[in-house]
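Letters are used for the chains, namely A, B, C and D, taken in the order the chains are written, and counting of residues starts over at 1 for each.
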Amino acid sequence: MAQIFDRSSNGLARMSLVLTGLIVIALGVTLDQLQRSPWVTRQGQRAEQPVPFSHKHHVAGLGLQCQYCHTTVEDSSYAGIPPTRTCMNCHAQIWTDAQILEPVRQSWATGQSIPWIRVHDLPDFAYFNHEIHVNKGIGCATCHGRVDEMPLMYAQNTLQMEWCLNCHRNPAKNLRPTSEIYNMAWEKPSEDRPVWCSVKQEQEGIPTAQSVDCTTTDPTQSGPQVAMFQAAAEPGASSEPGVLGEAAPVPVPIPASYQKFTSQDQLGHFLLKAYKIRNPRDLTSCEVCHR
Amino acid sequence: MPPREGIYGLLAEFDTPSDLVRAAQKSYQDGWRRLDCYTPYPVEEAAEAIGFHRNKVPLITLIGGLMGLTAMFLLETWISTLAYPINAAGRPTYSWPAFVVPAYEWTILWAGLSACYGMFALCGLPEPYHPLFNAPNFRTGATDDKFFLCLEALDPKFDLMETRAFLETLEPVSIVEVEY
Amino acid sequence: MATSELKPGNPEYERRIDPATGEFRVIEQGQTFKSVTAKISDIVLTPHTPMGWFAFFAVGGAGATMLMVALVWLFLKGVGIWAITQPVAWGFAIINFVWWIGIGHAGTLISAILLLFKQGWRNAINRFAEAMTIFAVICAGLFPLIHVGRPWLGYWLFPLPFTMTVWPQFRSPLLWDVFAVSTYATISVVFWYMGMVPDFGTLRDRAKHPLVQWFYGLLSLGWRGSVRHWARYETAALLLSGLATPLVLSVHTVISFDFAVAVLPGWHTTIYPPYFVAGAIYSGFAMVLSLAIPLRKFYHLESLVTERHIDNMGKLMLTTGFIVAYGYGMEAFMAWYSADHWEAFTFWNRAFGPMGWSYWLLLTCNLFIPLTTLWSRKLRVNMTYMFILSIIVNTGMWFERFVIIVTSLYRDFLPSAWGTYRGTKWDYMTFFGTVGLFLALFMLFVRFAPMIPMNEIKLMLPGAKIKPKEAAAGDGR
Amino acid sequence: MSSLMDKPESTTSNTMGSGVDQFENNPQAAVAAQDSGPDSRQNSRLEPVQEPMQEPMTLVQVREKLKNAKGKRYWRSVDELADTPEFQAAVEREFPASAQEWVDPVSRRGFMKLMGASMALAGLAGCTKQPEETIYPYVKAPEDLILGRPNYFASAHPFVTGAIPTLVKADSYRPIKVDGNPEHTYNQGSSDVFTQGTLLDLYDPDRSQKVLYDGENREYQEFAQALQDAVSASKDGTGIYFLSATITSPTLARQWSEVQKAYPRAKLVQYDPAAVGTALTGATWTQYALSGADVIVSLDADFLSGATYPGFHKLVRDYAERRKTPDNLNRVYAVESSTTTTGMKAEHRLGLRASEIPAFAAALAAAVGVAGVSAPSYAWTGEQQNFLAALAKDLKANAGKSAVIPGLYQDASVTALAAAINQALGNVGKTVLITQSINPLPSDQIADMKALAADLNAGKVDWLVMLNSNPIYNAPADLEFATAFNKAKVTAHLGLHVDETGQISNWHIPAAHMLESWSDARSYDGTISIVQPLIDPLYGGKSAHQILQLLLNEPLLSPYDAVRETQKANIKGDFETGWRKALHDGWIADTALPATASAAAFNGKVPTPSSKDAIEIIFRPDPNIYDGRFSNVGWLQELPKPVISLCWDNAAIISGATLTKLGVEEEDIVELTVNGRKVKAPVVVSPGHPDNSVTVYLGYGRSYAGRVGSGAGFNAYLIRASDAPFYETGSIRKVDGKWGVAITKSHYQDHRSKLFGGQGNGNNSLEADEALGERAIIRYATLDQYKADPGFANEGFDREKTNMSTSLFPNWTYTEANAWGMSIDMASCTGCNACIVSCYAENNIAVVGKQQVRIGRDMQWIRIDTYFEGDLAAPRAHFQPMTCQQCENAPCEEVCPVGATVHSPEGLNVMVYNRCVGTRYCSNNCPYKVRRFNFLLFSDYETESLKLMRNPDVTVRSRGVMEKCSYCIQRIQAVKIDADKDNRAIKDGEIITACQQACPTRAITFGNLNDKNSKVAKLRANERSYQLLADLNTRPRTTYVAAVINPNSELEETPVEYAPVKG
């Protein structure tokens, strides 16, 4: 009786077993990478917008304040997308016949919205709230990246749950003085870039943002330019009851006991207390983001 | 490895397990070590006869089982106490009694798999090609009702004529040379 | 036919009865290595499939198709097409799941536990019992997947690194199920396949057609019956049965935890683990009988699967049946003895509530009929009776799960939340669909794999005895 | 958006005390959790009314549009495209016949659902990409809008029983919640099922959307022209008839009086099927101040169950205030012909057949010594005599401290007698106050209706203009209105729907919803509230004001100006400031009506009761859909009616004895016959219903209500005659067939012997015996028992409190943060259901439909458990609001394999919908069975108008997901964020749950248990507080305050013995 299989088949048989194992592993790794890949998250992708609006030009170039357009970022969950009128404030005078602005003028004329493509798009079951973040020392750039360096807007981060938890589990590493919220160029303190902070007697009903003030220039020399927190100063920034009530007292810059910080870790933990940030157990509880 | 040339060994065929066992005992006493018996069902006496007493399968199984146990229990503990500690039903995050069950199952799973794969690995299976299949009478009987004793060429005592003569003394039904 | 008709002296008697014990022989006289090989492997290797096979396969196939239809609709519309509701949020799906898993148990029990107890008679039936186990587990495993509201998220039950960084909740018995059932399925398959490797070798060597040779050649992994291999093989088999035994006990224990861990009166009881395991084995043997009796007739295997097997299984059913009965008794007793109002009411409601009929049906099928009749050896070896009984018991066991799940749920703590339950056509289609699937798979197995382990049978033949030289002359093979 | 945005009147309620108005908002919250459809917020801007109509596109263009869309994108395009007016125009032109199925979202919907499902399957959720979403920003943003924060507008819900002042929550100017006005003295923030339901009524996708003339589209101007021509042609208004629902608006009344001046022969007929012939249409108006009443007698008055009774909110609140503490309990006697929560809550209830009640009233009057009234000779049973005697005695003992309240749907003599008794007892001026009617144009509606029918038949009617009325459906049967109707030369119908009348009228004009138009109305005490619109009319609807105005000299004067015109008279001081204050506060200060008129004198006529074995048929407006006007409001259709827990249908409600007497079973169909008029109805048994009488609810059997209301129930108007609108003797017989009804609570008779814990007699309800027995789910005591043993609620076997040391595990502590908890007062709750509807609106709960409810799949997060204690022939009911108990050791959490329901640090049992895979194990393991599962795709993702309505702070749950009460976690989170922002603690009462907000009896209290001074903490410390199923050690955060009742010792029946189980 003859052999059914050729000599080589022994090798093949064992090889195929090994290969199967490898393929399974490879598949697993691929899927794991895929779920985090820009293909899924749209991270870093520049959407086809009706108007190629450049944050770089408007922020870095013209030095527009974030809130000039995103007006409600401090008072509402929703930062706000500027109405066409905001564009027309300037573009009624300048670039009045630029081709790329046609959609804007269209919108202004017809009363139809400019249909922007949503770049930072959370799932509908995730409830993100801008006001609390900016009021508690999370800067725009922390999530949105260096918008002032983005000719076309794209998502700097994945906005996936693991990314959110990353900070909710340890907010200290991203906290900054609320005076620096809109500072795109803000960098973590270091030996050569220290930060000085002081807490004035913080009292019930006065937003923590106001009882803390920080400066990047040594307050011991030259009177500190104390950075002010916009929301509090603006009268009627929020028309809601309870919120600050009548406009809160504008703190006077007294060179109080300033503390010097040379590392994000120190600063973070200081602000953690100063801003009364809830502990990670609270911040990672489901109802914080899902309702 | 390059395919070897020449003779694999001499294959003696027997009708009854008893004959085979006796033949095997004789060969072993005669000093043969590179030899093997082939039977349609497990004949422990034959294995004993050619001096195959214990194997490593139990050890492999034990190791596998322990790995399964520790792997799952650690995973559970890490997940529930470190990765995302959550208050579920007011139970402690480290609810070890609950962790026992999956750990227990994985112990069995890994042990079982190691037992099976270990066994095949030790046997060098899969091995669809084997010189013995060249023997004309092997496949007709070895898995049916015939009993074979094979003295292999690799054994220092092996010499075609002498070995054949030696086998004759065991009163086999037949003797055939097996080519590689 | 019953033993009484066999008089000592007549060849029939000699062939089938063991003079030593007067019991039926495990293997009828006159079987040789060759005859065994031929009988079993020819069923597989014969080129012409019997018409009957096609008939059964067609029935099974039809059922499987019906299952597919039901599943497609289920995925399109949602589990709402079933009767499940508030408060009975688990229905047929879980009933079927527990029922199928239970059936699976007998296979493992026969191949593992009886092996440990050195019950030689198991050899003839363990192979297809194991096959039964695997197909039953396949049918069972289907249900946990399809019964969830969002099946496409089922993979969340496994501890994998998703971007949510959220993990399974290990206190949930459902999660324990995931591990128990998957382990059970894997080990059963491994055990089953390993057992078949040598027999695949036999098939390889007997096959005529090169393709068939090649096919079984692959499956046999090149098995050549070296006694060294046999030795390791035996050890592995022994170890596996040693592992499968605690496994099979744990699986239904874990499934009973699904209920025992819950707070629901009628579920929250410590008797469940033993009671479930016994019930599982009980129904399992019933299913083995429902398969074995037609098979031995159809393929003329009476010489290998003898009355002895049926008889023994009958006895085992009697035993497990009584353990189950003890379980039922305990429930009633505790309802009274615990003086716990919840228990008392639940028991009253099971027996006398609007769904009391199911409770009495289950008692009839599981206790009254079998436990009274199985005492009689006459009936135990009466194939027709045993076949019908096996069907009855399986029905009864299905209703046991119905009673446990539905009648505990539909009236629980808050009377205001009481409801009721009646299965929809989709429920029935899914259930009978899995029965069809099971049948189809089993027919495939019968056709393409050796349904009786040849090597283990041969081991028991007189020819396998090792005798000193002188006696050796002319021993019958 | 709403034209409001640039009107100064729109005011955020920043001076209002309540904290409920601080919400954050997620721009896309209202979209599917699973497969996200188009964004709701943006759609809200793209209402058809705003869309400038463009050239209809050709089908070629359509194909163009779809060409480069593939897969899911493709289907979404079809959906979006199909909603554009151009497309609809195109389709209508190409193939008019099949236009509907393309344009009608409903028929598209079924298909889209399947698509959605298969999509979900196709992409294994986790790995699917979200579809690209578009942002439609404003072109010119309104000044006072902060996207993501709601605005609040004070308004009122005009209703025939008196307007309910409301505070409406608007998200970017879409009204998304209607609640009571917390500052208004009348309802103090509470509301009722109707008021809550008006929200869905506004967004009802079946509202009429086009002006129609004989079925063809027309412009409103054409109608206006036609009407004006006709009127001016008629010179003095001859042949011009207006048929209106009862006029509640002073402005409308003023406009009518001006019309009368201009056209003296024009006629106005008011007709409200639920008000006809009742005190509501009379010249006088009786108010009750129950806070001062120790003894309250209801003569068939259902003043505790809903806004069907005038002053409900105040009456029930005053009633409940006197129940909360045992030291100052009032006592209620109810004599009633049907089963209502009033009777069920009453200490003593006497079920009488409707026609016996006038006699009983007379007898009572005589007994308390009302001059000139003699007790009619009637064979009262012994029980009835005892009741009468004891009642009279008690009343006399409490002269001046009691109130006798007559039923609306009773013979006029009852009202008069009640007034007489109050007079005699000196209650008037103390607990009873009589003013002139708050409805500006009282009239004898029956007579007017008869006259109108006559004029129609006489062919005198040239123009019949119907304002928000539907006579074809609900006119008295004996008037044969449909035939008379056709004799009118021109008929015009103003209505929210193209209803039965709209169908056959020449003209149909879509009406503006009360949330879309300006008006005014008086509440219970006569205080005027301004009804101000929250949003531009979605479908260009018109209000009655505009119609009447057409006849006046400045025909285009807007309702806004008309209302200002009227109120100039009422607003003191500088008008503009007064007006703005009125709009802001929600009412015009001191416009309450003075106690002038005295009650209509009793004319001595008391109708004699019908013979005891004659069958009486009682007509009542439906507690949920009233006279049928709310037929198409799914929330109200699915709402279990008080006491009988029936939904989606009305029925012939009879007593158990009558059931046996007739030899029928529940769900059998019977034929009710009154004076030869017949109607078929399913039978439903109500415990305690008087024998030989049948209660039928009006408002069902609509044929053109819409997708929800059409075909539900039977039309009781068909047997309701003008001369007997309340009750009439008739006959009842079984006919073939069954009609399955949806009843949400089972009630089995308890046939168990004492051995098995039953009562031996089969008279009790099994559920109640269990609940009041060892399960100790309902715990209450009589005043005497309470005095003897104040701790009764937590004493004795099976009533022990949670023992914190029983657990094997170390206890989780919730001391550092807030620990939310709820307390529910069993004494106060009257089961009026307002909480349920409020929850619907707040939490985007889906309506599932009758068939699903029948098999037990209703999705209500809060339900009112009803237990009937004692003999089902004369039970006492206990109402128990049941919702997630937020157990600290939650059984549901332990068994969830994916951790979709877990515990928050504040002790809440949070449910994460998007993590749920739907094993339903949690529901099985929930002892309270308060979890709700989306067995099918219950939420509607396609209907655009409903998307506008959704609360953007709450995820819309998709198929296969478990959901449950969350203590309104979205409100908690909103307040927490604001508090953190301001660096302050959360004030007690700052967070109000939706159910608490709606509750007229303040039975529900929510707050922080760690704050020892919070209301809820105090209540929890109350000796009468108990936890449900505490013996399971679930440690619920919700506790119940056991009721103490105040029975009259002379009438006290022997309390039921609950024998413990003897195994």
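We take it that a contact is a pair of C-beta atoms (placed from the backbone, for glycine too) under 8 Å apart; a residue touches a chain by one contact, two chains touch by 3 or more.
In this text, all values refer to a predicted model and were calculated from it rather than measured experimentally.
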Central chain of the complex, centres being mean CA coordinates: D
Chain pair with more C-beta contacts, A-B versus A-D: A-D
Subunit A and subunit D, separation of their C-alpha mean positions in angstrom: 44
Distance between the centres, which are taken as Cα means, of subunit B and subunit A, whole angstrom: 62
Subunit C-subunit D separation of Cα centroids, rounded to whole Å: 56
Rounded Å distance, subunit B centre to subunit C centre (Cα mean): 30
Overlap residues in subunit D, where contacts from two or more other chains coincide: 126, 891, 893-894, 896, 899, 902, 904-905, 915
Overlap residues in subunit C, where contacts from two or more other chains coincide: 162-169, 171, 175, 204, 217, 221-222
Multi-partner residues of subunit B (at least 2 other chains): 84, 86, 88-89, 91, 126-129, 133, 138-140
Partner subunit B, residues of subunit C touching it in the complex: 32-34, 37, 159, 165-171, 175-176, 179-180, 182-183, 186-187, 190-191, 194, 198, 201-202, 204-206, 217-218, 221-236, 239-240, 243-244, 246-247, 250, 254, 257, 454-456, 458-459, 463-469, 472, 475, 477
Parts of subunit C lying in touch with subunit D, wherever the complex brings them together: 75-81, 83-90, 147-150, 152-157, 162-164, 166-169, 171-175, 178, 258, 261-264, 335-337, 339, 341, 344-345, 348, 352, 354, 409, 412-420
Complex contact set, residues of subunit A against subunit B: 1-10, 13-14, 17, 284
In the complex with subunit C, residue positions of subunit A that touch it: 4-5, 10, 13, 32, 35-36, 158, 160-162, 165
Interfacial residue positions of subunit D with respect to subunit B in the complex: 807, 809-812, 888-894, 896, 899, 902-905, 1035
